[in-house]
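This is the structure, below, for whatever I ask next.
We just call them A, B, C and D in the order they show up, numbering each chain from 1.
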Amino acid sequence: MAIRVQREDFDVGAELAALGAGNHRIGGICSFVGLVRDMNEGAGASEGVSAMTLEHYPGMTEKQLAAIDAEAHRRWPLEASLVVHRHGRLEPGDRIVLVATASPHREAAFEACHFLIDWLKTKAPFWKVEESAEGAARWVEARESDDAAAARWAAVDGKEG
Amino acid sequence: MAIRVQREDFDVGAELAALGAGNHRIGGICSFVGLVRDMNEGAGASEGVSAMTLEHYPGMTEKQLAAIDAEAHRRWPLEASLVVHRHGRLEPGDRIVLVATASPHREAAFEACHFLIDWLKTKAPFWKVEESAEGAARWVEARESDDAAAARWAAVDGKEG
Amino acid sequence: MKLLYFAWLRQKIGVGEETIDLPADIADARGLVTWLKGRGEGYEIAFRDLDAIKLAVNQDYADLDAPVKAGDEVAFFPPVTGG
Amino acid sequence: MKLLYFAWLRQKIGVGEETIDLPADIADARGLVTWLKGRGEGYEIAFRDLDAIKLAVNQDYADLDAPVKAGDEVAFFPPVTGG
């Protein structure tokens, strides 16, 4: 029920505490934090990554994230949810994205959180360009495994993914 | 790779930050926080819960949690994991348990985290006794849905659950 | 032998922990339970429905056929409800 | 019409955003792409492999058959790689 796209880092503990604050119907909070790795495997042979820059489409990003979030609330009994996605230049170990879901039931929290990150990966308009230690820049290619992960959630209820 | 059983609350943000600190192979951290709800559904009709007390079996608890954690590391490529479980008296909204997993791959992080909480629910020797608003105490009964959730992970690779 | 009882078993029996001298003719957990039930009404009530009880020998889950011997730590408790 | 280009499309075309007067005979995204390819080598290279390109009309995903009209915001970009 909350979407944020920002350059700044986020405080995971504070975000999760705020998510469930005062709502005693919540039995479980599932979260996923995506981090910048120092290795890229997208293009076959692994190579070192010294930094990456995330470009996005202001306006459409928020619109798509809100649509994905609304879909999660349609599918699962969520008391609260949060998606925070950073843009700009990030280095290995930096946080990229936080997805969190709160529900009376842990299965719903897990599934909705997993769904949100899977759909975000294929539907939110972000693009990564990586810098190698040698200074070369390379646009990260979309991965078939991400498409497959997103498609799985479409198959669950027969809706288009 | 870390197990803690304690009476004190824990700081989710600090725990998750420590989990991945300095390890740039980690691409994702999945976590689950279990909270005390103010409603119990285990015994059929819902009734208000004003507090609960978690009893445990010191020694066996740590042994079982360590075995579950080791099993998660056998099954998934984890860079780090953490289970913190509280005991003692807790009120609605209080944190009960934190499970967190860090992996190069988000699927592994999600599955291992889900596995850990599902197995913990059926294998770690904790028992909850709930107090209603009227002061009555009731031992929480084990739920078949928890057994089913745990059994699912046994079926995945044919191992005994 | 060290015996431990948890949750409602502890309440019904009235103690959480006790040390006993295991009778020489008891070789498994089932025999131990039968012997315990003869020790008083609390035990008799606590162990009435064995399907509702789990046990551990030396902190590992076991069943009623598990061998037990002097020096073991044996615990009885209802199905766990943590998490 | 406002046009937006992201990631390597932006780099090949040389601008991230531009405003054009849509020719009256263009009715869909496919026609728009054909017209854009005639505007210079950067466009020609950027739109060479249409299978590698996604597009959005007014911030919703669309395909090459999608109708476009003056006043629309049309964006072209490679498959997304966020998260």
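For this structure, a couple of remarks:
In the analysis below, contacts are C-beta pairs under 8 Å (C-beta built on N, C-alpha and C of every residue); 3 or more make two chains touch, one makes a residue touch a chain.
Because the structure is predicted, anything quoted here is derived from the model rather than measured.
Minimum number of contact steps separating chain A from chain D: 1. On a Cα centroid basis, the chain most remote from chain A in this structure is C. Separating the centre of chain B from that of chain D, both taken as means of CA atoms, is a distance of 49 Å. Between the Cα centres of chain B and chain C there is a gap of 26 Å. Chain D has its Cα centroid 74 Å from the Cα centroid of chain C.
Residues of chain B in contact with at least two other chains: 34, 117.
Chains that are in contact with each other form these pairs: A-B, A-D, B-C.
Note for the complex: chain A touches chain B at residues 11-14, 16-17, 20, 22-39, 92-93, 104, 106-107, 109-110, 113-114, 117, 149. Residue ranges of chain C in contact with chain B, taken from their complex: 4, 6-8, 10, 56, 59-61, 75, 77-83. Those residues of chain B lying in contact with chain C across their complex are 34, 54-57, 59-60, 63-64, 85, 96-97, 117, 120-129, 139-142, 146.
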